[in-house]
Amino acid sequence: MKRARAEILSTRKLGAYQSITLVAPEIADRARPGQFLAISMPAGRDFVLRRHFSIHQASRRGGWAGTLEFVVDPSSGPGTGWLSGVAAHEFLDVIGPLGKGFSFPKRLTNCMLVAEGRGAAELYFLAQELVARHKRVDMVIGAPTMEAVFKPIEAKRLSQTVAVVTADGSLGEKGSVLDVLPEAVARAGTEVLYAAAAPRTLRDVAEFCAVQRIPAQVAVEERMGCGFGLCATCVVPVARKEGGGFDNLRACVEGPVFNPARVLWDRWIADAATFRELRQAVATEDGDAG
Amino acid sequence: MKRARAEILSTRKLGAYQSITLVAPEIADRARPGQFLAISMPAGRDFVLRRHFSIHQASRRGGWAGTLEFVVDPSSGPGTGWLSGVAAHEFLDVIGPLGKGFSFPKRLTNCMLVAEGRGAAELYFLAQELVARHKRVDMVIGAPTMEAVFKPIEAKRLSQTVAVVTADGSLGEKGSVLDVLPEAVARAGTEVLYAAAAPRTLRDVAEFCAVQRIPAQVAVEERMGCGFGLCATCVVPVARKEGGGFDNLRACVEGPVFNPARVLWDRWIADAATFRELRQAVATEDGDAG
Amino acid sequence: MPAKDRTLAVDLGGVTLPTPAMIAAGCAGGGRELAGLVDLHRVGGLVSRTITVHPRPGASTPRIAESPSGVVWNTGLQNAGIDAFVADELPRLARAGAPTFVSIGGGTLEEYVRLTSALQARPEVAAIEVYLSGRDETMDHEILGAHVERLVEIVGAVARTSLVPVFAKLPGGVADVVTLARSAVRAGATGLTLSGSPPALAVELGTLRPALGDVTGWLSGPALKPLTLRTIFEVSVAMPHVPLIASGGIRTGSDAVECLLAGAWAVQIGTGSLVDPAAPVEVARGIAASLKALGLRAPGDLRGRLRLPAVPDRAAGA
Amino acid sequence: MPAKDRTLAVDLGGVTLPTPAMIAAGCAGGGRELAGLVDLHRVGGLVSRTITVHPRPGASTPRIAESPSGVVWNTGLQNAGIDAFVADELPRLARAGAPTFVSIGGGTLEEYVRLTSALQARPEVAAIEVYLSGRDETMDHEILGAHVERLVEIVGAVARTSLVPVFAKLPGGVADVVTLARSAVRAGATGLTLSGSPPALAVELGTLRPALGDVTGWLSGPALKPLTLRTIFEVSVAMPHVPLIASGGIRTGSDAVECLLAGAWAVQIGTGSLVDPAAPVEVARGIAASLKALGLRAPGDLRGRLRLPAVPDRAAGA
């Protein structure tokens, strides 16, 4: 992990996203798919924490050696909004690569990559590395709309088959990744599955993999105070390997890639259905003024 | 007083300053020399209050009708720094014209205008109005350096004589406005004096005018919570006309132009010489833990 | 929900406001200044500057300085005293068009009683807000309202003397706010304003001096929002039927809706009004939009509807 | 002042720090994480996460949310318990290179005593910081450290049991901090950390839910600076000889110098370290620059040198 004052080499709009390429050789050299960056926000704003972005591309060789690309959804809020407006040749304060990335299968060959929205960015990086290791890559790519499907051409280039689904049906099939996953897996003879998506999707993917007995790795996102292990805010409850019980593991150090079979999904995800109203929840104090 | 979403017509660097011209007909129509504007800062910053700027120019006639110009010292802090970087065709949320401006002499003719630094901006507006009323205008313009002397050519154009002084001697005489004021007043046969400068300079000018029995008006600056009379933070202690005592009057409503003979300068200005150290000032509490 | 059935009006224990978005004490001027900047008939209410028995010249300047997302201020409660207020400012304030709350402050019980009495015969007064962040001259406490006995004594006396509803504005930056809130209500307060600005200090590094002329001051502005939300939440859970007015860090419609969800009945906008005098109207508009989006009829329908996890502390069960 | 005579070292009543800029509790990791991001030999000291007797899984996520110039957090004091801490984390923390303060927290007197005893034989511990913002399980108080009797009991017991200096970290958002501070020092605290994060709530409007998994949390970050300055100022005026460590809203050298001027002996950087792990070193550099500019020798020469007006309240004489 390194900290760098990294120059922006280029920044461009890609559908619903902004793709930013940095010159950061020390980080690029060490980067693995699934790892991420922590980027400083400008001084003088009313928000202070770093923002976190998966690595989409780390070039260690060739003309782009030493560069690092990540993809921002500018609609997320003020931080991503600001970042998408930063121009080439400005500098960003970046810490990375952070976290534990995906690991590559040793024996198994057929890899299914399941991505929702900007989750695709880090999986393309993974796909490249898998292809370089002579694995078969297939993909299921989902998004709310056509614009939010990240680089579908790139997906085609990297994989044997790509199933695209959008919630509004504007590209590919209409639906969610779970709708097409079983068929895609069957067709591809999937032996290992990787996913980067919203928590609830990941939970469903985890269940699917458990039933199908497909080993899997998923990249999660959790709110982070730092991104490099200091504050224990970013935890995910993960079952212990032995002895029972669970540990709240930091997504920024022990993750963001976890074995979905060990994540306690229902403990982690605050399910909308488990909420109820304040007035029912809290009994009025005994015959008091209230 | 009006509030407007005003388009920036142009913005340009003028020596140490940034001069910004707005399209704000409703405000320009009403503006008088000595009045000021309250300008909103952008959302998402860690500073929230409006910033205040004297009106340098309000065009009611001709090609520039409906425009308003003010001058910013960008080195003051984050607000002025931001404002100097705003580009033409962006919009500012402006409230103005605010406060009570200078009043024009009815009978007396010879007017001396004394300005320090950016204080000159509002006095040129005043000079114009005085000239239009067939008054004689002379000026003493001071600044720390040559770059901080605001539009010396404009000063020449508007007045019979101009004395320029800089603290470092890089333009005009070396010194402060008070050094050259007595001679300038004598030479011009000054009957009325106007000043816009730092508090301590204004105090010295007030003393000079009192001794010389020259009626005067000075424009002050005080920290403002609003700029339009809501919060009573911007007060200046002013002697009552009758009955003795003083009132803390709001610089934003009853000022920023005051009769210096009635300002209680020593009460208003926290004089550096009246400070002493904490440890001497506050007695240690009796034989306690401390 | 047909639009015509929707309302922004709120009833705070007897005083009805056209909208839940008020202007906070010390941030509304004297009745004339806001004309032309905001339509006061569309403002929920306004609170006067804090009035004392005797005229006060107020603090030395500077009286305001900035801090991260906040301001530190000390006006020293400059005001012309209750007699001049009743004669001049009160009628002007009330004529401006919004329900007028009068903020009263003192250092002794007698002062509070005198202030309340002086307002008794005035039909312009919609409610009294009791400022409790000042020094207790009788007991020599730093902050009068932080001490239950004194709070009860003073709020009780004001409530007994007043002919209009009384809101106790609890001081900011105090622990056990639920205990204080309960005491104030037991003593007779109709409702509570939560909270006053907490004590603060700003330093001007360049001169090694305090940024304010009177050295210390109070913190206001957006920085306070999470503190206000917490206070409102705790007190409203303890006393869901007591009208609570949120104060501290509210500037936008979202801020206000967050406060209502946490349990507020209305909100006050202080610093926000200084920056954007039309803020109370925009906040009311934001609340209306939320009602519409959620299919609700009135601000009270948002109140306390923060959705809590079924098991407040899931980890505790681990 | 020749540069060689200048020093950044401070002595906090027996514990000497190489610089006055520490990393605050819960923001320093477990000893390994900061390697490569900051040279810990140039950090004044670090405070461990708050350690409890038993392991704690901590709060539900989200555990952090943003507010204007601040963060609202609730980790639920996740930690492995004192035994695992002493066995694994403490040696790692101490090896990292900065003087190690251990933060201890509990709900009962017995827990505090057990925690202190477990640290007694450990040479790695430079000082103990007593976390006092938690719930008092014995007395059922919301915030243990807001009650003088309990504060005295617990701080007293820790001080009697400890072989190293003890710093009481007073809870944030409490009135009468001078009284609490005095009580803690009388009970045996070497010094004070001022202050813990005040109670807060953040609401996520889009879902009508609290932004944190455990509903409520605490406010940290720049927003707190004027509150910290005020607390430091008041306590240092009352007890100029008691080592005070400022915590809350400090990120830059200027922030730190402001705190020293107001009366702090050292500062802690919490949120600032999460954003910029090198902040403690930069803050130390900023302090050094101020010393140089003012021709002073040591951080202690800045302490309490805020220049006050000769007449604190000039207006009062009006």
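Labels for the chains are A, B, C and D, by order of writing; each one numbers its residues from 1.
What we mean here is this: contacts are C-beta pairs under 8 Å (C-beta built on N, C-alpha and C of every residue); 3 or more make two chains touch, one makes a residue touch a chain.
Small disclaimer: the values here were computed from a predicted structure and weren't measured.
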{"item": "Interface with the most contact pairs, given as the two chains involved", "value": "C-D"}
{"item": "Remotest chain, chain C as reference, centres from CA atoms", "value": "A"}
{"item": "Centre distance in Å when chain A and chain D are each reduced to the mean of their C-alpha atoms", "value": "35"}
{"item": "Chain centre separation (chain A, chain B; CA means) in Å", "value": "55"}
{"item": "Separation of mean Cα positions, chain D and chain B [Å, integer]", "value": "44"}
{"item": "Touching two or more other chains - residues of chain A", "value": "46-47, 246, 248, 267, 270, 275"}
{"item": "Numbers and ranges of chain C residues touching at least 2 other chains", "value": "57-58, 60, 68-70, 207, 209, 213, 221-222, 305-309, 312, 314-315, 318"}
{"item": "Complex contacts: residues of chain A adjacent to chain D", "value": "1-3, 40, 46-50, 93, 95, 222-226, 228-237, 246-248, 253, 267-268, 270, 272, 275"}
{"item": "Partner chain C, residues of chain D touching it in the complex", "value": "57-60, 67-70, 72, 76, 142-143, 146, 171, 173-176, 178, 198-203, 205, 207-210, 213-216, 219, 221-227, 229-230, 233-234, 249, 254, 257-258, 261-262, 305-309, 312-315, 318"}
{"item": "Residue numbers on chain A that touch chain B, as the complex places them", "value": "44-47, 78"}
{"item": "Parts of chain C lying in touch with chain B, wherever the complex brings them together", "value": "26-30, 32-34, 36-37, 49, 57-58, 60-66, 68-71, 73, 75, 78, 207, 209, 213, 221-222, 271, 273-278"}
